[in-house]
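Here come two complexes built around subunit A, the first alongside subunit B, the second alongside subunit C.
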Partner chain A sequence: MTEAPLLDAAMVQTTVLTLKLAAVSTIVLLAVGTPLAWWLARARGLWKEVVASIVALPIVLPPTVLGFYLLIAMGPESPLTALLGRKLSFTFEGLVVGSVIYSLPFVVNPIRNAFEAMGERPMEVAATLRAAPLDAFFSVALPLAAPGLFTGAVLGFAHTVGEFGVILMIGGAIPGETKVLSVTVFDYVETLQWDKAHVLAGGMLAMSFLVILSMMLVERRLNGRRE
Partner chain B sequence: MAFAKGFLHGTSIVAFMALTIAPSARAGEVLAAVAANFTGAANEIAAAFTEATGHTVIHSFGPTGQIYAQITQEAPFEVFLAADQARPERAEAEGYAVPGTRFTYGVGRVVLWSADDTLIDGTGAVLGSGDFTHIAIANPQTAPYGAAAVETMQGLGVFASLGDKIVQGMTITQTHQFVATGNAQLGFVALSQVLDDESGSRWMVPQDLYAPIRQDAVLLERGAENEAARAYLAFLKGPEARMIIEKFGYDTED
Partner chain C sequence: MIEAAFRGRLGGFMLDAAFAVPGQGITALFGPSGCGKTTVLRAIAGLLRMPEGRLRINGDIWQERRRFVPPHRRAVGYVFQEASLFPHLSVEANLRFGLRRSGTTRIGMEEVVDLLGIAPLFDRPSRMLSGGERQRVAIGRALLSQPGLLLMDEPLSALDRFSKDEILPYLERLHAALSIPVLYVSHDIAEVERLADTLVLMEQGRVRAAGPIPDLLADPALPLLHMPQPAVVIDGKVVRTDPGYGLSEIAVPGGVLVVAGGLGPVGEGRRVRIPANDVSLGRTPPRDTTILNALPARIEGADPAGHQMTVRLRLGSDGRGAALLARISRKSWDRLALAEGELVFARLKAVALSGSARVPALTRVD
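Let's turn to the complex of A and B:
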């Protein structure tokens, strides 16, 4: 037996793919989650709670339940497939869709909290200064909610990296396309390649810790500045 | 009066229970780790086993590789029904299993199956035409059914050309799910999974195209002193269990 290198090509490929999936998902999550959070923070009535509950569902649902529904939704008979003209299962795009749904509450909730904490006042002031609503949103609301946006982005990214059940159900473990880190680690454990599993698992552990730590440090700074 | 009646009734239940338990005064429990593909057969065998001996079986179903990894980390399993021979052999060699207790309880058969009624014409021709976007197999590194699928495609000379159409299920169960939901138009599954399923189209892969999928069982060290565990393995070898195993689409060996 020859000495195996610490990282082989397959491990690099799965790491790059995972980071790419997390980055793309985070961008989509911010684009979708920010207006949604804004609406949730401003809207009144029963509808708001219904939508907020739907957004929060992935927190309580087992990933396998979500993955099972997604697998059906991405199947050949589904309206979604008819609408897109192609299947999303077993593709990178399919994983992005799954990740966005799965991580949505982790992005929407911090942003919504930030918008709510801001109150009505800044937007009213902007309006009296004749700022158009959209202008006020971008130049007043978003900067004020920056800590919430940052927390949401970090959580969305980290949560996507840590995703396993949903990806297992709709991914099909295609190298370079859908075989992400968590699946690769599972594979290594299954095939008794524990040395490789240790490298990836240890890397993910360290990365997760650093992400959460840096988030807390940044939040502390931002809060300190405001006091 | 009512009280006396209730009391009598109560004692008769106790007496009845004592009688039923009597033949198996040493009724025990077996904790069996079983390969996911054998789930249906295992449940039926367990019911027959309980009826015959009074012992009960508690199952833990999972992928064979994962079960093995758990066994090496002191999982409390007493018997191991694997989807292959490699893991029980290894368990024996590494001291997790009782030497000399290993045997083949079933031989799995591979079917190329599609939920589409017309895709497969009863032969493997569709593999050559490549007229589909995804074909599902079980992970060939961990699941023997996946390895058999790869061996079959290699034997037919179509493996290289199908390369980018292959999607992998973590287990044969998940592979079946991919095909059943139509996400993959076809896939290599276990006969036991589609035996009762008249729908779709299929090709029974000839057995000369892949090495027999022998599934071995072994007594684990944790169950060495458990009489119920030994009784369970003996029952698994017996005629009643063999009938169930064959009914579920596995061959048995002498």
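Let's turn to the complex of A and C:
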């Protein structure tokens, strides 16, 4: 009986794919989530609450339900598919769209909190010092919200890595294209390859712990630099 | 000229304030808390848009009908109650923030750093500064944005007594060294008496009066004269110093005051503050007294204040000089049979030097 290597090619492939998905999703999440968080922190009125609720939906919705609707939206019959000229379901791009929607509240909330904690004053000061609104946003608001942006990025990344239900619904398990870590673990367990499942599950457990620990340490440092 | 008029409702508060003041020197917006001073200042900066407003600053229209210049296009410097330094920037980067964006360098970094004495703070992170130091940096930052108008919203009120005394002299130097008009919001009459040239008196969202501060302090129609400790300020010039006795003479409209201290070069402008409680009146020029200041003055009128009278006078035997107030007992008023138009001799027990480059200690000269 030959001993199986700790990591085989399939495991490496699924890990690389997962990290790539998380990285791309995090970049999109920050690009979409930051302006959204700014708007939610500043806007007044009922609209803001409606939009905030829509953004928060993935927190309470079962991932299969979200995945079901996304599958329909990305499927061959949908207007979105007609518009793009190709379907997004069962593609890497489709996973990115799904991940962004699924992780959006985890990114938007900390950034929004950071913008709200900042108050109006820094932007007013910037305006009286001749900074146009966009200039003030980049030179004052973003640096002041840095801890929130950092937390949002880490949570978005980690949450995407841990995503399962939505991915299974819209992406299935195409190796190298949509088969990410969480799906692979499920696969191994279903096919009774417990040793491989152990390797991946243990690795993810350790990584998650390290991510959260380092986030807390960095946050503590960032907050320590301010009064 | 600074011409401002704002009208509108903010929550439950109705603001209807209009005033026109000279486009130079320090103008104080003075009134009790909640009277709308800060709202007016914010509207002038453009941080707040009043539904109805007209604002002209030395010829530039910043708000009129549908025209509204956004705050970053207005040449204002704004000093907030709390220094509000950017915590993510160093002291130097805070100072350069507005300088970089203003396009000109009429007011240079060196000048501001000297004026405010902030050179030693450059390498310190902004969170390591004391309250007074922060506020000085904030003032410098506002000045370096090259304002045509400096707005200050109770810049001293968040500071303790010690830090206040540390900053006041810098504000006075600023006044002397720069020709930028300043609008200064305050609810502290002592600050106003010391710094302001012009006063805008506000009450419940309206402007009660606006004009030169010496006139308003002695106006019987205004509440300032009816305060428990009324005083006047008089601007004059040093005409003579007497180092032997450690005295200086300051010429004011209608007379010459003797003040303790060698008050620097002859010709220099000085402001004195004379509390009404330190002025007594006599019918004849005093002899055999240690009081140095006894000036002829004419009674303009008198208002009862409990068992006392607040007597309004003008210096000079012709009664055309600076306004002066005297708080005397009603009994004395009757005993001397004083009346409007009468010539009296005002004896000043104390003359406080104000508007000098130092903290005004009440200097008794008798």
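The rule is simple: the second predicted complex is superposed on the first by the 227 of 227 C-alpha atoms of A that agree within 3 Å, B and C clash if a C-alpha of one lies under 4 Å from a C-alpha of the other, contacts with A are read in each partner's own complex, and residues count from 1 in each chain.
Going forward, a residue touches a chain if its C-beta (ideal position, glycine included) is under 8 Å from a C-beta of that chain, and two chains touch if they have at least 3 such contacts.
Predicted model only: the values in this text are computed from it and were never measured.
K.L.:
Judging by the criteria at the top, classify the pair subunit B and subunit C on subunit A as clash or fit.
P.N.:
fit
K.L.:
With the two structures laid over each other on chain A, which partner does A:Arg44 touch: subunit B (first), subunit C (second), both, or neither?
P.N.:
A:Arg44 sits against neither subunit B nor subunit C.
K.L.:
Examine A:Pro133 and indicate which partner it touches, taking first as subunit B and second as subunit C; both and neither are also allowed.
P.N.:
Second partner only.
K.L.:
Output check: A:Val125 vs subunit B and subunit C. Expected answer is one of first, second, both, neither. What do you get?
P.N.:
second
K.L.:
Check the residue A:Pro143 against both partner chains and state whether it touches subunit B (first), subunit C (second), both, or neither.
P.N.:
second
K.L.:
Does the superposition put A:Lys87 against subunit B (first), subunit C (second), both, or neither?
P.N.:
first
K.L.:
Of the partners subunit B and subunit C, which touch A:Thr191 in the superposed model: first, second, both, neither?
P.N.:
In the superposed model, A:Thr191 contacts subunit B only, not subunit C.
K.L.:
Contacts for A:Glu77 in the overlay, against subunit B (first) and subunit C (second): which applies, first, second, both or neither?
P.N.:
It touches subunit B, and subunit C stays clear.
K.L.:
Counting only touches as set out at the top, which of subunit B and subunit C does A:Ala173 meet: first, second, both, neither?
P.N.:
The answer is first: A:Ala173 touches subunit B but not subunit C.
K.L.:
Roughly what angle, nearest 10 degrees, sits at the C-alpha centre of subunit A between those of subunit B and subunit C?
P.N.:
It is 150 degrees after superposition, to the nearest 10.
K.L.:
Tell me, in angstrom, the smallest C-alpha to C-alpha distance between subunit B and subunit C in the overlaid model?
P.N.:
50
K.L.:
Taking the stated contact definition, name every residue in subunit A that is touched by subunit B in one complex and by subunit C in the other, in rising order.
P.N.:
none
K.L.:
For subunit B, which residues count as touching subunit A in their complex?
P.N.:
63, 65-66, 68-69, 133-134, 136, 139, 141-142, 166-170, 174, 177-178, 181-185
K.L.:
Spell out the residues on subunit A that touch subunit B in their complex, using ranges where they run on.
P.N.:
Touching subunit B: residues 71-72, 74-77, 87, 89-90, 168-170, 172-174, 183, 186-187, 189-192 of subunit A.
K.L.:
Using the touch rule from the top, collect the residues of subunit C that touch subunit A in their complex.
P.N.:
Listed in rising order, the residues of subunit C that touch subunit A are 45-47, 70-74, 76-78, 80, 82, 84, 86-88, 97-98, 101-102, 127, 141-142, 145, 151.
K.L.:
Using the touch definition from the top, list the residues of subunit A that touch subunit C in their complex.
P.N.:
121-122, 124-133, 135-136, 139-140, 143-144, 146, 225-227
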